[in-house]
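One chain, subunit A, links the two complexes that follow: it is found with subunit B in the first and with subunit C in the second.
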Partner chain A sequence: MALAEDTPSKYVTLVSGDGLEFVVLREATLVSPTIKGMLRGPFTEAKTGRCTFPEISGEVLEKIVEYFHYWYRNRDKEDVPDMEIPVEMCLELLQAADYFNLMPSRQEGREAA
Partner chain B sequence: MASRPNRIRPIRRPVMNRDTTEFEPCWEILRDALTDIHNKNASRLSFEHLYRASYKIVLRKKGHLLYERVKSFEEDWFRVHVLPNIADLISNNLVSIALLQMPGSSAHERRQTGERFLRGIRSTWEDHNMSMNMIADILMYLERIYTAESKQPSIFATTIGLFRDHILRNSLGSAAEQLDQPFTIFDIVNAVMLDLINMERDGDIIDRSLLRQISSMLEDLYETDDEIENTKLYLTVFEPRFLSASEAFYRKECEKLLREANASTWLRHTQRRLVEEQERCGTSLSILTSDKIASVVEKELISARLDDFLAMEGSGMKSMIDNDRYEDLSLLYHLVSRIDKSKNALKVILQGRVMDLGLEIEQTLKNTDFSAPPADAAAEADDAGEGGDKAKAQPLGAAAQQTAAAVKWVDDVLQLKDKFDIISTNCFDQDLVLQSAVTKSFADFINMFNRSSEFVSLFIDDNLKRGLKGKSDEEVEAVLNKAIVLLRYLADRDMFERYYQKHLARRLLHNKSEIHIEKELVRRMRAEMGNHFTAKFEGMFKDMELSKDLSENYRDHIRNLGDADVKKIDLGIHVLTTNNWPPEVMGRGALQEDGAKAECIFPPAIKRLQESFFKYYLKDRSGRVLTWVASAGTADIKCVFPKVPGKETGPLSKERRYELNVSTYGMIVLMLFNDLPEGKQSLSFEEIQAKTNIPTQDLIRTLGSLSIPPKSRVLAKDPPSKNIKTSDSFSFNAQFASKTIKIKAPVISSTSKVEGDEERKDTERRNDQTRAHVIDAAIVRIMKSVPPSPVNISP
Partner chain C sequence: MSRQNRPQRRIMGPQSALTDFLQSHNISAYQIRLDADARRRAAQNNQNDTSNQSNNETAVASPASTSDVSAGPAQSTRGRRAAETNSQEEARRTEKKAIQKIKASKKFQKRKRGLADSDDEDDLARAIFRERAAPLPGQMENCAICSKRFTVTPYTRSGPDGGLLCSPCGKDLDKDDPAAKKKAKKVAGGSGARRRQLQSSILDGTYSLGAKSLMTLCIETLAKNIDLAEDLGDLPTPVIDKIARKLSRYRLLNSRTLNLFLQPAAEEVYIYDGSKLTTDDFIRVFQTVPGLKKLKIRNGIHFKDEVMDYLLSRNIELEEFYLHGANLLSESKWKEFLHQKGGTLRSLRVYWTDKHFGDDVLSVLKSACPSLSRLKVSHNQQVTGVGITALAQLDSLRHLSLDLRNNIHSDIYVDLLSKIGANLETLSLTRVQEADNTVLDAIHMHCRSLKKLRITDSEEMTDAGFARLFTGWANPGLVFLDLQKCRQLDSAQPRENPDGIGLCSNGFRALMAHSGKTLRHLNVHGCRHIEAVAFEEVFGPEKVYDAMNKVEISFCEEVSDFIVGSVFRSCPNLRELIVFGCMKVRDVRVPRGKILVGVPNAKGMVLDGDYDD
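Then we have the complex of A and B:
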């Protein structure tokens, strides 16, 4: 599903509120409709390939990025092992999943399960 | 997981400016962004920023407020920035051109105005659509949480619907004053599109992608904000109008074609239109319409006047068939297949054509036949007159002519069959419905012709006798196949059996054909018709084989006897089982005519031979009776013509030895001249007949073959006319000379020819008798199988 538009890089940079930067495979991030919308319009994020999330901590964003890759790796597979979720983070992650539109109402997110 | 002692951390309140969490500041951010998006300044906006603003609003349960604000913002935007542009597009000129079809406006002018208008609509739509998509993206969280929960139409549907409500459904205002009824911009869009399409149909070049984009706009818009799939404006408004306009267009076009063109043009035109419309759906409209418009074209251009076009004089289906216009027929087939799976119209004409052409063949044949009977009649009329010679020659010629006619009939039928086979393969995709229809018609006309059985058999006879020598296996195969094909059509198979038996008998006895081909043909007949049908033919083959062995064994037997016969005669004999062979061959025909069996008188040498053979034959098979059928045999005679006195040069100057191949009757007659008493040079017809007891007809033929054709004129006739009369007398032709050693006297009886009327009646009568027997047998069989009803005998 290579996009024919002038995508300069296969990677995008995700920046947390506390300044941590994650370079992620663009395709993997597209599981989140939020990021998808961010990258397809004419907005600054799409131009720079850099998405900043001022209200998300680096710790949580790291887990989110991990999920992106987890999803990307396993998207066509069956019976994949669950992702490791630290219990103490789950409320924050739930909130972030909601923000990224990864909730099961819209998306087959495994985090919420 | 729960067993882990970790505490769940509460969600940290992100550090943020307090007022950014309030509604108004957030809305301000969004409102500015909406303006920027509409003005195409979005690139300096941060999506995350805007998304978070709407996210916050929704989290604070102010979703409904945001929804309403966005909606009213868009309505305002529309009113202030979009509608004036649209209003500018609508000129009086456009309205009158599009809706009033003002006369006098050229197509060019209409196209220009129309396309300019559509382009305006398109660019407005594109802007609107793009903006709405972006706004919907920003408001994604609102869409997901608020609109889903509140069961409202999505913000996207609502805002995109503004285009429908405020532009398409906008009535024309001042521009519409000149119209009687209210019109909307949508009406103009439709009218312009249809006008452009009709222009393209008439050969103009139009902006297809423009049409395509407008169509897809209509596909993206729905009747209501609920966006129900089948209420796309394209489907609810445009498509019906398009279809009915197309219907009118093609109805007119069809009438025009009917008036001005021929069927061939019509076919090609229709085909082109169908392709064009499919293409149009792909390039200018929507593939949703493909099937519907195809059925409109089918209905208007094909079904509506199909019969009229098919019946067109000089170009209709009849002419296509007659002139082998395969391309036309193929087109026709494919077009008609679209509208009617049973292809009735084609079937009827096709069958009619087969019948007509078939009957034509018969008609031609009748015309050929006509040349014979009048000559016959004339011959009878002045038989005694001066035309006697000529008239007598006529029936013979006529018979040959008739045989030729029979072969021609079969050839013509086969040709016709080939013709329709080619049409079926080339044009009709070997359609089974049509094939069986044609087959039925063939069977019909072939069986309407009462001599078909005889003719088919004659045709096979002709081919096997003349044709097959020197032909390749493939050609032989083709002939055999043709024969079987014809056979399949015949209804009176018993008649055919009768004729075939007769013809086969002649071929076998005179060794006229190759036995393996005969057997192959019969084998195929058996496959086609069953064992019963070919039982007699196979019996005939068997007789032939047994006879061959018998002849050889007899020859050995004679050699072993050491019988020193001076005039050694080599006997080849065919012992034929009465039931398997036709009565004509067995001499039973003659029996019926004369009332008494005409046993001919054999010369003593032959007589001795016969007795010797009969004795030999009965050695193993006591109690059997052999009847000598002289009419069916042939004989090779070695004869010596002495030197003609007085001739010193040329062939006549020396003694000549020839081998004559003649019929058995011919042999008997010639032998008479061997035993002529001294001093007597000639024998009269009566004398010959008295000495041989050969039936008159046969004798005439025999003498004819020996005294008329120059190549085999071993007897001289007095008077030397071309006909044999009972008053003629014959003598040994000492002057006879031939370039070849072996001479074959043409045996007239061995040529299979068409039966005369009398003969045919006779054959039919006999066939009817056989049928009667078969029916009787069937009745008895059925009666026997029904258990007899108990008879109550009362005391």
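Then we have the complex of A and C:
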């Protein structure tokens, strides 16, 4: 996966705690400030394009990756249909969303207030 | 069917005009009578089955004889018999034709798919025919389930095995069949509902491009299935707060779900909708969360004296207290609370209490709450000038919001501002009809650290007063300014404003010159005497207001397409511009990602822009 530093790959690899690997479009992962920070700073992740998340299970990471793509596909669209969230994974995903910093925007936040 | 189209029959002999009419519509009185006789006979037979066997013969004979009588003397027996065979044959023929038609129909083709045999096909066609040939409204029929006799109406439902159902049986069937209801709902929604939803979110200010955040999606799923949740686990506090907000929005917060949000180690409890909570639930909050520092309760109707008594008996020292709608809490309890627990209180916000939060309570604040920095009294009918005068002694106050129903004289505000104005960061005076220029002058003279200023509904302040306030004011630029409905009110001469009452052109120029660079939120709703020239000058080509995020200029009559375009140009970071009632706005191009609300045309409030600037 290690490429020349001046031309970073269009893809990054996300690795779950139980060793599952997901190759994801780099731009899609940038929705998460957490991953953005990992890929930008002077870290191993930035050089190798490989991020490991030991505390996240493959199942949850798969859903997260699905969300990255869903977000990327719809980033400029109006009236986007909601992504299905399996009820049994809801709380785990909520924790993961907090970890990846996928917080509501100001507008979304206002809805609840 | 018009009269001309009806085939004319010769009227002769015993045939009446009515019979002629009915015949021309394919209704045969004779056929109806035959059917009725047959039914009567069948009913009789049923009865006789249960009764004595020997009676049987006479019973069968008697209806036959009545039918003979009613047949009328004019028709001969032979004629009748011929008619009978004729009509039977005709019925058979029409039935056959109808079945052919049914077989060709789409509905039949659809249903047929499951079948293989041609016999089945015939049966199916016949079943559909029977369904269609069901009795017309107004006739009597036996219910297919309970066999009771009832009148057929247009609302009568057909049973699962064919036949019609009486209304109680029909209702039972509806209950068992939720699929039908679901289907009907879906039809009602459709694209119209989606469009309305979109516009609603624009108006709420919650509209945004692109996908929702993962957290929002999760929280929505969780809110839908909150009944399944036993415990939220160790989620971080902001996330739990977001869940609480979502649940309250759906009105799902009740005695059971409240437990999810009461974590013993927490310092804050925010209850956004307490309308379903009881007195015991509020007491439970203090029982479960002993380290409580910040408490917010909206719609806390049952926050009564008992709850306050319990709070007073505990070792809880609140720093922030926000109570909304607690009308049952008495004034003496408020005073007791402030005396005992006011020492640590830094923020006190009280909304919607009609009678029990008045001058006496405000007078207590000075001695009881030495560190109070934020005070908000909203929708209050009890506080008068006496209470506001008492506030002038609260040196620690930084944020003050008042929305009172009693009119307070301007002198009282002037006195208040001269004493505590220097440190105020927020000053919000909502609905102050009688406040005049002296208040503005006092703000100009004393306030030096204001960030947020709101003065609404004033009918006394003048343009000159506003211009004086903002010209050479030593206060740094404001971040939030709301001067809505500060305007002249005269129904006889609505357009004339010789005294320059309200915020007009000069005041507007002065305020933008003073605070334009720092303002994020500007509201001049209803200040309708601001002229077009002033708008054009303020949002001129060389003016840039980087901070501006939201502008409300509804009901400013002079606002035109050009001015709206200028606002978008001068405020590069603007997100939302509201122009309700600006009739000169017709057709504006809105930059991408920005929202223009309230355009007076068929498009209504839409408008997220479609071109990049």
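Structure notes:
Note that in this section the second predicted complex is superposed on the first by the 98 of 113 C-alpha atoms of A that agree within 3 Å, B and C clash if a C-alpha of one lies under 4 Å from a C-alpha of the other, contacts with A are read in each partner's own complex, and residues count from 1 in each chain.
Definition applied: a contact is a pair of C-beta atoms (placed from the backbone, for glycine too) under 8 Å apart; a residue touches a chain by one contact, two chains touch by 3 or more.
Just so it is clear, the structure is predicted and the values come from calculations on it, not from any experiment.
Of the two partner chains, subunit B is the only one touched by A:33; subunit C is not. Once chain A of one complex is fitted onto chain A of the other, the partner contacts of A:78 are limited to subunit C, with no touch recorded for subunit B. Look at A:53: by the touch rule set out above, it reaches subunit B but stays clear of subunit C. Of the two partner chains placed by the overlay, subunit B and subunit C both lie in contact with A:91. Of the two partner chains, subunit B is the only one touched by A:17; subunit C is not. In the superposed pair of complexes, A:41 makes contact with subunit B only, with no contact to subunit C. Once the two complexes are overlaid on chain A, the subunit A residues touched by subunit B in the first and by subunit C in the second are 85, 87, 90-91, 95, 105. Of all the residues in subunit B, the ones that touch subunit A in their complex are 1-2, 4, 6-12, 14, 16, 40, 42-48, 50-52, 55, 134, 137-138, 140-141, 144, 148. Taken in their complex, subunit A has these residues touching subunit C: 64, 67, 70-71, 74-80, 82-83, 85, 87, 90-91, 93-98, 100, 102-105, 107-113.
The part of subunit C that touches subunit A in the complex is made up of residues 194, 198, 201, 204-222, 225, 228-229, 232-233, 235-236, 239, 242, 245-246, 248-249, 272, 608. Of all residues in subunit A, those touching subunit B in their complex are 17, 33-34, 37-38, 40-47, 51-55, 57, 85-92, 95, 99, 101, 105-106.
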